[in-house]
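After the structure tokens below, expect a handful of questions from me.
To keep things simple, chains are lettered A, B and C as they appear, and every chain counts its residues starting from 1.
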Amino acid sequence: MWRIDSQRSGAAIAVSWYLVAVPALFLLIFFVVPNALLLSASVFKSEHQVLTSQLTAENFVLVLSKPHYLRAIARTFVVGASVGLLVALISLPISYFLVRTTSRFKGLLIAISLAPLLASVVVRTYGWYVILDRFGFVNDVLVGLEMIQDRIAFIPSTGGIVLGLTHALLPYGILTNIAALSSINPNLETASKSLGANRIQTFVHVLLPLVMPGLIASFLLAFSISISAYATPAILGGYASQTIATLIYTFIMQVLDWSLGAALGTVLIGSTLVILVLSFRFGGRKVRL
Amino acid sequence: MRNGSMHSAALELEGISKRYGSTWAIRALDLTVAPGEFVTLLGPSGCGKTTTLSVIAGFLEPDGGRMLLNGAPLVGLPPFKRDIGVVFQDYALFPHMTVAENVGYGLRVRKVPAAEIERRVGEMLELVQLEGLGGRMPLALSGGQRQRVALARALVFDPKFLLLDEPLSNLDLKLREEMRLEIVRLQRQLSVPTIFVTHDQTEALAMSDRIAVLDAGRIEQIGTPREIYEEPANRFVAEFIGSMNLLDGTVVAAAGADGLCTVKLGDDRTIGARAKGNFAVGHRVCVAARPERCGVVPTDRRVENGASLLNAVVSHIVYLGSRQEIHLTLPGGTTVVSEIVGNVDWDIRTGMDVTFHCDPAECVALSAMPGPVTDPVTDNEPAPGTEAI
Amino acid sequence: MMHLAPRPWTWLKIAVTLTYLFMLVPILVTVAVSFNAGTRSVFPPEGWSLRWWQEALSDEWSSAIFFSLKLSITAAALSTALALPLAFGLVRYDFPGKKALVLLVLGPLLLPTLATGIGLLQVFHWTGLFASMGFGALLIGHIVICVPFSVRTISVSLNGLPPNLEAAAASLGATRWRILIDTILPLIRNGLVAGALFSFIHSFTDVNLSLFLAGPATSPITVKILGFLEFGFAPTLAALSAISLIIPLIGVAIVQRTTRLGDFVYAERQHA
């Protein structure tokens, strides 16, 4: 390709600033400012949705002193870790299949595996309600087979949240793992076998190390989306199984205590930033478009 | 055509340099192209050929030097005001436009009336033998056809100059040979001054009025194809063009009136060669001899007077149909090749002791240092073939 | 390789089939329930009827669907308009602060949408504008969360342009503007369309942002369904869920006719 150097000149820098100025300003005002405000709101006292200028740590103290809130925070991270693990593990075999298959329906199969992304989480969680409810499909089957006497309330529960989120986030895991697996030369596995390694040795010594960044990336991606998910915990968790996201909603929209909401929001942003740093470090994620 | 004017040169580059970061892509490049002349920039990849074209076309601003097109300065003029047609290696045809739209684009942006565009595009397509294909999309064409569209597109607006960036490298051998003739025919017919860039020496020899051999951003030699082949100015050119036997040695007798010097090789044998430089006794030089100008005979056969004779052992024989390459090892281990057209008329075998011979007039003694002989003045002069003999 | 390992491949196929079932069954169950004749949301349905679909298409719900459509289409269009110069600047030019700008553009994708939602709510509240903004508040938020999708998809297109085309156009006499209009825009059209579609889907399926910015009269369909779920899982909501799944599917089907969406999904993920 021919090199064109006028794109680095002073005039070109001016052109590029003109290009990006308006959209960048838009994002500064409506993305950076709100998030900054949220972070600062967490360390100021507020009365009746009005911030005072009084600096305080009491929002965090309050959040961390009530067992109900602490349990919600702990539950959020347990759910996040479980969902991350399940998504990474379940998406690996199907991704491997989708990358290596020679089926002429390959494109269609990939499309179907990603299609759930077209549906809102609300839609995807509704089906689980019908299946898991006390008077739902699974209970009907179990009772019909006389395997249980009394109907079981599978939901609302923390397990329900994990199931619903795993289901909702699986396509992200598949996308991430397909990307990781596509870059692995299939002949490496053949070569390993020709050198005398059996399938398990091949998997452990060749495939696993190469796909590890993809696995870690899908774990962290699912983790970070899980901890700030609202709809699934709200539908399948209920009041007894609150998470940070549902607590925030309660504080902001129902109790109207914005400072506590902001403190919990800060916890979410902070955790997400930590996860991001980890995924840049270990998941092969890059700051690129 | 329109390049006539008062200027004797269509394009003059004077001391053009271009740097990427701290490395020089081209360095103090001087090049003059006469009206209607076809000049080839020949060199290995990374020698600065494409950078030179980019600078001429206006995509890169040179870090120093002067450029004149028909006497008018080019530096600072944006590409779209230069009136220089370019054919790219990958053709860079607009995939969303038909063949006719592609060819007519240069006229359309010049606001030529539609009727005239149609007429000139039609003429141009006829000239490149694509009449009737104007409605096709580029992706529906063969490689050779795309090449012709790219040529037509670069020529239709009657450019003052034409730049061709390895336009043949994406074609298969047979098509490439056909397109060579085609491009030269078009260039002659339109008499548009042209710089053609290639790394393929055969292309360069077959097509050019003059060849400029480039290495590491510098011109090593400029001359007609014959001069470049017969009278390489230095070791780089000798090695880069064609195949060449290179024998290192020391001058034991400086060139006399006949221009021939005598060079002692590693063993006690000597070889005569035309001196390309003022070599005194004791100078280290390198004698270059083309394989097809060197012969092999049995040790007991006599060779015409004046030829240099060297003992050698046949190491292997490569049969190539129309010719054969006899690979030989000289005492001391140097390998040389003799290329023989047709069959050898005697029983030659691997391992046999033979006599390797070459006419001193066909050999040149070059400075042993790789690279130019440090004298940039020789660059712009025709290689001094006459003064040596 | 298949012929070397036929048996493990069979096991893999079983695992893959189970995974597909896991992914698709809840969605299919939802669709099935929407055709239930009974009044409870049960599977298998107790007889078939279209009564819940009729209810879902009544004025109360169809206005929410149209509201969502209006919101998401506008957000997709405006985020594409903002993303085009951004992507162009980021792909084509080197300038001071470029890295920071990339982070700014990807920010809404990297940080929790929930937090952006709360933050925007606070900004609009404290400037006293929220009450009068209504649709505007939602629209701004949706544009913010859509911009990363549009910028990425358009960047894929720009990066995929055949090399030398612009140099060729310039050598033929085209100015910067002519090159943009004659060459670049027609060739990245697919990327613009795909980016707008991804933005539309992202906006249409969003819950976490709309949750905080929606009002009683300005509720996207997802938030409205979520609100009604508190009162029970009526089959009407199943029908609505099915409708809100069908709309993005139609979008994909239309765009897929002219654009290979897979190209953009892949290129996008490879860089993620």
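Here is the rule we go by: contacts are C-beta pairs under 8 Å (C-beta built on N, C-alpha and C of every residue); 3 or more make two chains touch, one makes a residue touch a chain.
Values in this document were obtained by computation on a predicted structure and should not be read as measured data.
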> Which of the two pairs, A-C or B-C, is linked by more C-beta contacts?
Replying inline: A-C
> Based on Cα centres, what is the most central chain?
Replying inline: C
>> Just the number, please: Cα centre separation of chain A and chain B in whole Å.
In response: 60
>> Roughly how far is chain A from chain C, centre to centre by C-alpha average, rounded to an integer in Å?
In response: 16
> Where the CA atoms of chain B average out and where those of chain C average out, how many Å apart are those spots?
Replying inline: 56
>> Residues of chain B that contact two or more other chains, please.
In response: 59, 88
> In chain A, what residues contact two or more other chains?
Replying inline: 2, 4
>> Show the residues in chain C shared as contacts by 2 or more other chains, in ascending order.
In response: 163-164, 167
> So in the complex, which bits of chain B are touching chain C?
Replying inline: 57-59, 78-86, 88-90, 92-96, 105-106, 109-110, 153-154, 157, 163
> Once bound in the complex, which stretches of chain C touch chain B?
Replying inline: 162-165, 167-175, 178, 182-183, 186-187
> Which residues, counting only chain A, touch chain C once they are in their complex?
Replying inline: 1-2, 4, 7-8, 12-13, 15-17, 19-20, 22-24, 26-28, 30-38, 41, 49-51, 90, 93-94, 96-97, 100, 102, 107, 110-131, 133, 135-137, 140, 167, 170-171, 175-176, 178-179, 182, 186, 189-190, 193, 199, 217, 224, 227-231, 234-235, 245, 248-249, 252-253, 258, 261-262, 265, 268-269, 272-273, 276, 285-289
>> Taking the touch rule as given, give the residues of chain C at its contact with chain A in the complex, in rising order.
In response: 1-2, 4-5, 8, 12-13, 15-16, 19-20, 22-30, 33, 40-44, 82-83, 85-96, 99, 101-108, 110-116, 118-123, 125-126, 140-141, 143-144, 147, 151-152, 155, 163-164, 166-167, 201, 204-208, 211-212, 222, 225-226, 229, 233, 237-238, 241-242, 244-245, 248-249, 252, 262, 265-266, 269-272
